[in-house]
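A short write-up of the structure that comes next.
Chain naming follows the written order as A, B, C and D, and within any one chain the residues start at number 1.
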C-alpha cells in the first residue's frame, strides 16, 4: 500500500474529529463528482478546449489543503480540484470556468484548471510547470520577511520535478528556510512519459540535499496525507523551513480527456482501482470511526444533489461580454488576496480570528 | 587539506609517468603565467572590457582535462584556462582573444574567456551559467546514440549549481547514463556570494539523487583531481554514465580584475595561499618523484620564456577588419569539430590513432 | 502528389528526412511512446527506434541545450515544444547558445525547434501564443511559418537540412483544417522566399501562417482584385517580394495572428515605409491580435484574434482609401 | 536639485523609495554584501538590513518568480538582473507568470526588474544586449528606458509605485557618462509620457536610451533644426507624442541601439505609417544595431552599434530628402 513509503506515514490521525473526517470525505466526493460532471459537460460539447481531472488523486489535494489556516496561501495545480473546494470555491464556479462562462472563477479569461480564487487566498496556476513552485516560494518569502506565522502550499507532479524551476524553488526555499509546503504527486506518469524517463532516482530523495526533509506517503490515504501535511505546516510555521511530501498515487484518467492511455501497462489501473481513495476512506470510516454505511451513502447523495444544483447554476451563467477581452491587462491598484476557508476543526472560530488579527 | 573530502581521493596516481608529471606542472605554470601576463596587459589598458582569471584553481582544469583523449570533447569555463592549454590552445591566441585581436581564438567576435577552439574539440562557453552543462550533455547524447567510446567534459562553479539548467543537465544525463564528466569547482564564492547563500547543503550530495556518483576531492592537488577524473572518464567510456567531481578550492583573485574582494573574510586568502597548487605540486615532485629544484626552476623559466614569446606574438596581431562584424551570423555548412591534444602518455600514438579510426 | 492535411504533411516531411538521413532525430516530451501531443511523430518510435525518437523529461532548456550539443556533433535534432508557448522555458538555450554559436565561434548548430503555435480553439493564454517576433530579435535564428500543407512539408525538410537553428512555427489551427496536394517523397521549399498566394491589382495583403487563409477567403468573399503574399519565411524575410508586392498595388495590409507591438507586422510595415515611400497610395495598415494575453472563452478569444470579418473590413477600408 | 550621474540617480531613487515604503525590497545576485555589480545598491544592506536587501543564488527564474510571490503578498520587490542579458534565464517567469496574472486572475504584481543593458564598452555578445522589444511582445509588462539622470530616478520611483511588473532598462553606457540635475527627495516621472529633448522644425528623431544623447549631439554638431523626442516609456508608448512629432516636421528618424528586426523602431515606424501618412515628406528611416550578436572587439562593436557619425549621416540624408 505504500510504495517507497519511508515508514513515517501515520495512518490514523489523532487530530481529526468525526466532523473533520466527514468533511474530508465530503470534499473528496465533491471533487470526484464535480469532475465527473465536468467530463460529461465536455462530452456534451459544452466545454471548449480540453478537459483535465484528478480522478484517483482526490486524497492528496483534500488531505493536504485541509491543514491550512485562513491566512495561509495556495498555488493549486491541475490535479488538485479538492484543494480549491476545501478553500471555499464552489463547484458551480469551477464548472462555469471550464465552460468559459462569466460566472467562472476567471470570468472566461482563462480556462480549465488554470484558475485560482484571489478572494480565497489562491494564486491561479500557469500552464508552465512547475512555475508555481517559485511563486509559492515567493509568498513564503513575504511571510518570513514580515515574520508572519503563515504557510504557502503548492503542488506538482513528479514529471515537473525534472524542470529547472523546480530545482530553483527547492534550493531557494532551502537556503532561506521558507515556510512553504511542497506536495509532490507521483502519479506514475507525466502525460505519457513513465517515471524512468523523468528521473533516475525518486525525487523525494533530493529533499535532503536541499536541506529539508522529504517524506513519502500513500497518496491514496487521505489521513496519511493530512498527517504529513500537518507536520510540514507546523514545521513551516515554526520557522523550521520547507518540507517535500511525496504522495504516491496513480492518475486514473488520461492526461486529458483526449488521452486513451495506451501507454499504461496492463493491470496497473485495475491494481490501483482496488485502492480508490474514496472507497478506501469510506470503508475505513465505517470500520474504524463509527460511521454507518447509511451515513456514507447519505453523504454521497447529499454531495451529488449539491453538484447537480451547482451544474445547473453553471449552465445558467452567461458567456462573458466580449468587451472584457481587452480589459485588465494592467492593474489599477494592488489589493491583498482574501483569506481561504479553513474547515479543519483546529481552526476554531477564535483561533482563526486570533490568527487574522 | 580535504574539506568535505569523502576519502576517495587518491593522492599519488599510478597512471602517470615522469613526463606526465612534468606536463601537469608545465600546464599549471602556463596557466598561471599566462593569466598574470593577461592581467598586466589589462592594467596597461590593452584589454577591453573586463578581465577574469582562475588563479589558485590551476590544478582543476589541468588535472581533469589531462585524462581526455583526442576524440573527447570539452565545454571549458572561465576559471579553466589550463584545460584550453592541455587541449592545444597556445597562450598567444588566448592573450590575443582578451585583446580583441584578429589572432584571438574568436577573432574578436567574443572576448575574455568566452572562447573555445573548434579545431581542438572545444565548444566556447556562453556567459549564462551553467548553460554549457546542457551542451556537454548533448555532446554526450550524440556519443551514446552513435555508440562511440567518447567522453564530454565540462566545468562549473558551485554558484552555478543553483541554476535550473544545472539540474536539467544532471537529471537528463542521469536518466540516460550519458558519458559526461561534470567538474564542479567549489571556490567558496559566486562573485561576492558566499556558499551559505548559494545552497543549504554542499551540491556534491545531490549527485546520488540523480543516479550517479558524486566525489569530493582536494582541488588544489592536481593528481587527486586527475585520478578522480580518470575514473570518471573510464566510467563514462564504459557506458556507466556521468560522474560529478567536486573540487574544493579557493578563488585567489577577485571575480574580475575590478573586484576588491572586501567580502572575503580575514585570513582566508592567507590560509589558501599556503596550499597553492603549483607550489604544492612542485614540492611534491621534488620530494616524491625524483625531480630536483633545478628541474622545477628550469621548467618555470622555460614556460616564462614561452609565455613572453606568446605575448609578443599576441601584441603583433592586428585588430580585426570591421567588415567581419556582420559576417558569420548564419553558417553555410556544418563541419565537425577537430580533435583535441591528448598529452597524457596513456594516449600513445597508436592508441590515439586506434581511437580516431 | 497526394492529398494531405497540414499535420500529415509535417509528419510526412519529418519521416522522409529521417529515412533519408539517419543523423536526424526527434527529441521532445511525449514524442516517442505517445507520438507527440498532436501525433506528428506517431509511429516514429517503431520505425526509427528509441535512439532516434527520444522522450525528454519536462525540461525545455534541456531539450534545446541537449539538441545544441548533439547538433554540434553532427546529429540533426528536431526538437518538439509540446506547445510553442513553452519556448519561454527553453528561451535561454535558444537565443544565447544556439543562435550565437556560429557567429561567436564558427560552430554551426543544425537543429530545428518545432513550435505548435497559435489559437482559435480556446487554448487559453498558455496554449495559443505566437512567439515568432521574439526570434527575430535574437540574431542567428532562422524562422519559418508555413501556411499550406505543401510548404509545411517542404519548409520542414529545408529546416532540417539547414546548418543553422531554425524555428519552425506550425499553426495548430491549420493542422486539420488545411489540406492540399503535397509532393510525395523528398520535397524541400527554399527558406527565405515568399509565395504569391493570390494575384491581385488593387491591394496587397502580406501575411503568414493562419492569416494567409483568412486573407484568401476575405479576398474571395469580397470579390476584389487583392494580392495575397504568404511570407513563409520570417527570417530571413523576402524583402524583394514585400517591396514588389507593395509597389504593385500601392496599398498594403500586413496581417498576422500574433500580438501587435513589435510584431513581424511592424517590421514589414517599417520595411515598406523605408523602401516604398513613393509608391504608396494609402497608409500601411496592420491586422493583428490585440496586445493582450489570449483569453480562453470563445467570445473573448474571437474579440482578440483577427477574424474573417476583421480582415474583410480592413481590406474594404484600404480599397476605399 | 543636485548634480548626479545616471547611476547615482538610480541608487538615489531606489534608496528614497525604500525609505518611503518599507515594503520595497531588493532581490538579486550580489546586491547585498557587494552592493550590486554596478554598485547601485552599495550601502543598502547596512541601511535596510538583510530582510530587505537579499543576495539571491544564481537563478534568474527564482529571482523573478520569488518576486512575483512576494509582490502578490504586498511587498514591492525590485529585482536586479546582473546584466539585462540574463533576463533570458528568467524569461518564463516574467512573460508567463508576472505579465499575465492580472489579466487572467485579477492578481496585481507590483514589481520592478532592473535591467543593466546596452553596449559600447566591449561587453561582448552576453553583456551588451537590449532586450526591450521582447517585452513588448509579452502583453502585461510595462517597459521604461530612461536617457537622463532625472528620468532614471523619476521613472524608477514610478515603476516601484506602479501596481504592475515594470521592466526598467538602465543603459550601462549612460551610468557614468550621463550627468544632470536631479530633484532631491521624492521624485517621480509619469510612465507613458515621452519628452521633447530638443526642439526643431526640419526633422524629428524619435529615440530612447543611449540613442537620445547621440541624437542631441548629432543635432548640435550638424547645427540643424532637429527635434529629438525621448520616448522614455516603451510600453505604454506615447503615441500622441510620436504622431505630433512626425506631423511637426514631416520627417522621422527612429533610433535605438537594439537590433533592427521587430525592434521598437519598427513599431514606431509602423505607428507613424498608420497615423501620419498624409504628413510625411520623407520615408521614415531607422537607425539601429545590425541584426547580429554584439561583438566584443572595439572595431567590430563600433561597426555594429549606431555611432555618432551614423546618426549624423542618417539625419543629413533625411534633411536632404
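Assume a contact is a pair of C-beta atoms (placed from the backbone, for glycine too) under 8 Å apart; a residue touches a chain by one contact, two chains touch by 3 or more.
Everything quoted here is computed from the prediction, not taken from an experiment.
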*Could you find the chain whose CA centre sits the greatest distance from that of chain D?*
A
_Please tell me the distance, in whole Å, between the geometric centres of chain B and chain D computed from their C-alpha atoms._
37
*If you average the Cα atoms of chain C and of chain D to get two centres, how far apart are those centres in Å?*
30
*Once you find the CA centre of chain A and the CA centre of chain B, what distance in Å lies between them?*
46
*Could you tell me which residues belong to chain C and also touch two or more other chains?*
56-57, 59, 61-62, 85, 88-89, 92, 96, 100, 103-104, 125-126, 139-140, 291-293, 295
*Going through chain B residue by residue, note those that touch at least 2 other chains and give them in order.*
106, 109-110, 114, 126-128, 162-165, 168, 171-172, 175, 197-199, 329
_Pairwise touch network: line, ring, star, complete, or other_ = complete
*Within the complex, which stretch of chain D touches chain C?*
85, 88-89, 91-92, 95-96, 99-100, 103-104, 125-126, 131, 133-134, 136-137, 139-140, 235, 237, 258-259, 261-267, 269-270, 272-275, 277, 280, 282-286, 291-293, 295
*Using the touch rule from the top, collect the residues of chain A that touch chain C in their complex.*
48-49, 100-101, 104, 106, 108-112, 114, 126-129, 159-160, 162-165, 190-194, 197-199, 262-263, 319-326, 329
*If you look only at chain C, which of its residues touch chain B in the complex?*
25, 51-52, 56-57, 59, 61-62, 64-75, 92-93, 96-97, 100-110, 139-140, 142, 163-164
*For the complex, which residues does chain A have touching chain D?*
73, 106, 109-110, 114-116, 118, 123-124, 126-128, 131, 134-143, 145, 152, 164-165, 168-169, 171-172, 175, 328-337
*For the complex, which residues does chain B have touching chain A?*
162-168, 171-172, 174-175, 177, 196-201, 203, 205-206, 208-212
